[in-house]
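Read through the structures below before going on.
Two complexes come next, and they have one chain in common, chain A, joined by chain B in the first and chain C in the second.
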Partner chain A sequence: MTAVAVKSVPVANPDRPRTPSIWLRIWRNYFLRRVVRALIMIWVVTSAIFFLVRLMPGNPVDTYTNKLIAEQGLSYEQARAQAATLFQFDSSKPLILQYVDYLNNLLHGDMGSSIVSSGTTVASKVAAHLPWTMFSVGISMVIAIGLGLVLGMLMAYRRGGIVDHAVSVIGSLLHAIPNYLLAMLIVVVGGVKLKWFDFAQMRGSVTPGVQPGFNINFIQDIFYHAALPILTYVLTTAGTWALVMKSSTTQVLGEDYVTVARARGLSGGRIAGTYVGRNAVLPLVAQIATQAGFVVGGAIFVEQTFAYDGIGIQLYKSINFRDYPIIQGILLMITIVVIFANLLADFIYSFLDPRIRTDERTED
Partner chain B sequence: MGINVADATLEPAKGEEPHVSEEVVKAKGVGPIRGFFRELARSTSGLIGFIIVVLLVAMTIFAPLLRGNLKPTTDYWAPFSAAHPLGTSGQGIDTLAMVVNGGKTVLLVGFGAAALTVLIAVVIGSLAAYFRGWFDALMLQVADLFMTIPQIVLLAVMGSLFRFDSPFWLAVIVGALSWPVLMRSIRAQVLTLKEREFVEAARLLDLGTLRIVFVEIVPNMASFILINFIIAVTNAIYAMVGLYLLGLAPLAGVNWGIMVQDGWTNGAMFNPDALPYILAPVAMIVLLQLGLILLTRSLEEILNPRLRDR
Partner chain C sequence: MSDTSVASPSSTRTAKRTDEPVLSVRDLVVQYRTGSGTTVDAVNSVSFDLYPNQALALVGESGCGKTTLGLGLLRLLPRLGHIPSGSITYRRQPGATPIDVLKLNSRQLRRWRWAEAAMVFQGAQSAFNPVITIGDQMADTLKAHVREGERYNKKEGIQRAGDMLKRVRLDPSRVLGSYPHELSGGMRQRTLIAMSLLLDPRFLVLDEPTTALDILTQRGIVDLLAELREERGFAMIFISHDLALAAELADRVATMYAGQIIERGSLHDIFYEPRHPYTSGLINAVPPVVGDLPELASIPGSPPSLANLPVGCSFAPRCSYATPECRAAEPPEETIEARDQGQSHEVRCIHWREVHHERKVIARA
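== the complex of A and B ==
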């Protein structure tokens, strides 16, 4: 139980295995590695964004400085200083110092301020809008995966049946429609033509005047406003999940251990849950990470269509106004969220399939 | 060794060993192209997809002959009529003519971007797998990095910084950002293919690295590359039309993306006469995507006999 045991080489004592220590070591190895990797990834992305914005032809600070000189008649120094505070960087400093400043500011949660609406910090903007996107995208992914799981297993168990064919056809069709076009169709058909819902009222993420809090009123209201985006995300992704689940379930159903479980006379429900389901769900979990990035990306389009006040629509607005500090901050935050989603998926994956934890080192 | 196109096909997501099937696609005696079509004709959905894509491409090629008049008139937002079966746009241009002519940019950018994606993925993926070592490690890290940043977000940001001023650059940026996923599966394929006897034979003959990789190994993945090319086309079209919608792509000329954007921002959906102006291009994009997806699904079945018995 000494600290040395943790640091020692894995093959140190093959004939004297000490269970807690080995368990600890594996745990540390896998989880620590993942966390460190995520942190490195965040650092790399942060740096990449730093250089992307700065090394661009006609960098935003110069553009903004020129604009200030032209529009407000400031002197070059004044304009430069003003631009530098806004962007949290001063392009007259050496690049390496700028980089250190930038990282230092970021570590203190300071991502600069908006150019367009002065006084708004990027951090407050992100904090106000990112939760809505995470809420709508998160809920839809849970619903879509749950739906896909059930439908996929049904399809695999009843291959060639009605469910199989119907879900395949509808799934392909919905998958073929880009989510923002589906969003438009929902608005045009459901909102304007058939008048199933009042689209104008459903805009925004919460009705003005409703107090946030853990009460039925507020929860009802946020779901009311998020209903259309959630519907869109679920419709466009559930079919894909079902197809992934179907093919992995089909594969698992052919495995020997399922036949053995049947021969042992276990109940169908138990086989489906513990033997088939748990193994078939693995490829699904592996895909959550890539899908999360995709859905969050698509959120820009969908939120814009529904006027849902998440981070996507803010990104769109800031792009329209060329509000570079906000663009930079949002890009950074979205990437960090996706990295954490990946990390979470990795943990769930390793929990469901412990082999991952131990095989990890030999794999690459 | 009977190396045919079907050999190299596998499901990329699993990352398992490619299923080296000695079962040759039934059509072998007929010749690859005709056999391919015979197989395609057997699957109804695949045939439908193929016909949709061919029709849309043909319509785009012959658009100027079919309905070439794109001149603005004073007849704004005209309703259905014999002269304008789908009404007219806010500039008085015949909507049907716009729909017929609007596919050119979408198809060109879609196919161009996909070609670039596949080219980068194949070159980097196969070389990384063949050489291993630092190049492989570096490329895997770069691919991971690209896969982490949500592509659409990055694309939107790049669009705001660079100001794409022609569809050509749009295709280049979309193509240059979407290679990592395909690169990883190509790499996985080459890793197993390079252990095969014919590669060893080529190496013993000292054919040269580039020739071994691109003449001996890569053609074995032809079908896999074809399927992924079509998938890349659908992804490129998704990204491109999205950028049009956000107004981040060049808004000049006539194409489906611009029509949807124009109709949406001008509130065409609230005007019954203008409804076709927004619904028709949406229908065209959906049809194109559907055709491509149906095509890939049945191509997968044809080229990977294992999937058929499922």
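== the complex of A and C ==
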């Protein structure tokens, strides 16, 4: 072997054009490629939602007609006529035209208006409720993942110890309980039986009269109202993170470079952070992104139980009324959030793992 | 740097050693706990001395405890391993106060490792943290050993790492900024060697440092190691199953079998006058580089399970010299007359007088 390391200079290939076309260069860019992929994903999901929503039995007019018949005792014709005049919704318009209209409006930034409560735009509805869900779910994911990573590493470092056994049992138990059941349990046991907290006061997402803004009062208040949903999400997910992190850490602890780091006399903290932790976290990054979607989906029932005024409750209501634009709007937003989280995970991943970056470069 | 008159790598020393060893190992035992709660002795009452600038080759079949011994010397055993008895004494230079390695607390141990004793691991591809650059890992090593009250000087650190890389004939400007996966196998091994010498340790454990490399790269690494040893005067323990490679680097050879050193002596004595049937068999199993290929001998059977060692000599079941006495009691270590003047020769075999080594077929595979 010639020992002198030759600096690798890309050799110009005479058969290939010196500068690839601009499109090829854009395509090769890691960042742009991921963004383009994300946009295509959003379009596919949006279309799927559009058609699936319309595959549900009944439409807004039918649903409202039935409601009028049941509640006001009108005849079918009367009720139908009243419902039809109330909604600006033409169910006889060909589906494909509805779809084209919808996409066209969407491209212009218009998500449409509610069919059921006229005058309410989808955008305003989403803007009023999505932040609460993102706030509660986001905070709980940060807490759950942080807690899970620390517990998981602790479990791996002290395999067979008390923490390991306790977290394993409690974690798998809580993971097995659906979050809405746990939510009910918290309300019934903590709120009603033991009276640890005043459930009635904790309903909603903010106490009426508290001025939104960046002040202690407001922040305290929103945390007070979000406390129960956050508790539920954290309890049901932290154990899973801990178990995943444990297995990942255990594997990394067996790697040669950890032994070498110990041989090099590095401090325990440095080894745990940069050598063990950073490598153990890699396989989790992708999972974190997918989990974001599940938690938002699960929020529907939890918010319902705690009467937390997030997007979940709104989605539930709009599905009951077959309020197509609202359903589409909310699902679109959730899709974007999840895809964005995935995108972020991709970038974090490539930032944490240099091998990913190089793989992309050598692909062509 | 020590005097170079005794340092030429492949010649054996003739002067009687009067200086003190850099490393003295006495009756070292390394135990592993098994899942069923029992223990196995992976290393069993091993004793040897390592003198400054000496190269000791540790040879033996896979699973004989070579690597465990290497890890044990730096107290780097995995979770289930521990050292119940024996002693490891380290002396930075002859005359210096000896350090009892097994009594160091974790802080002292951390500072002792790498600064005094470094290890080059098998498979350099997995010896580096894959997510940070070589430069950062070099810096980590230097930072961990900054003297108390001093601050790490980044510029000086880079300079030092760069100089060491140049010494192993790598281009620091390229290597320091690279991630491990961006280097070739040979470059990684050189980098690891450079890193191991960064703090000028007095002894180096090399665990099969060339196993994963092609023959030419191996050659380069072996030459480099010989050169560096001469230049820097460190002692080394070269763990290998490759006798030819061991012959090139070592002054002394120790043969391990089932956790014990069964024979140790000068390179010449071990290769030409082995007194243990196992060593003799091991040498006979190496194909010659030149000449006709004789029928290669293999040692019948396979190494015993450490959890279930036979009574008496553990090699007896595979040995053609074995007698009932061999199976009755474990043979003691006997010091025998060395052919190589001034060198000692120890063997754990009661039939050592009968063992006459010649290249021959001792048994068919």
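Please note the rule applied: the second predicted complex is superposed on the first by the 281 of 364 C-alpha atoms of A that agree within 3 Å, B and C clash if a C-alpha of one lies under 4 Å from a C-alpha of the other, contacts with A are read in each partner's own complex, and residues count from 1 in each chain.
Keep in mind that, in the parts below, a residue touches a chain if its C-beta (ideal position, glycine included) is under 8 Å from a C-beta of that chain, and two chains touch if they have at least 3 such contacts.
In this text, all values refer to a predicted model and were calculated from it rather than measured experimentally.
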Touched partner set for A:274, first chain B, second chain C, both or neither: second
Which superposed partner A:354 touches (first chain B, second chain C, both, neither): second
First, second, both or neither for A:46, with chain B first and chain C second: neither
Which of chain B and chain C A:255 touches, first, second, both or neither: second
Partner chain(s) touched by A:263 [first = chain B, second = chain C, both, neither]: second
First, second, both or neither for A:63, with chain B first and chain C second: neither
More chain A residues in contact [chain B versus chain C]: B
Touched partner set for A:121, first chain B, second chain C, both or neither: neither
Residues on chain A lying within both footprints (that of chain B and that of chain C): 159
Of chain C, residues touching chain A in the complex: 71, 74, 76, 78-79, 110-115, 118-119, 121, 123, 126-133, 140-141, 144-145, 168-171, 173-175, 179, 181-182, 186-187, 190, 195, 214, 216-217, 219-220, 224
Chain A-facing residues of chain B, complex: 11, 13-14, 45, 144-145, 147-154, 156-157, 159-162, 181, 234, 237-238, 241-242, 245-248, 260, 264, 269-270, 275, 278-279, 282, 285-286, 289-290, 292-294, 297, 310
In the complex with chain B, residue positions of chain A that touch it: 41, 44-45, 48, 52-53, 56, 159, 172-173, 175-178, 180-181, 184-185, 187-188, 192, 244, 247, 250, 283, 286-287, 290, 293-294, 296-298, 300-301, 304-305, 315-316, 319-320, 322, 327, 330-331, 334-335, 338-339, 342
Chain C contact footprint on chain A (complex, rising order): 1, 3-5, 7, 159, 255-257, 259-267, 270, 274-275, 278-279, 282, 352-355, 358
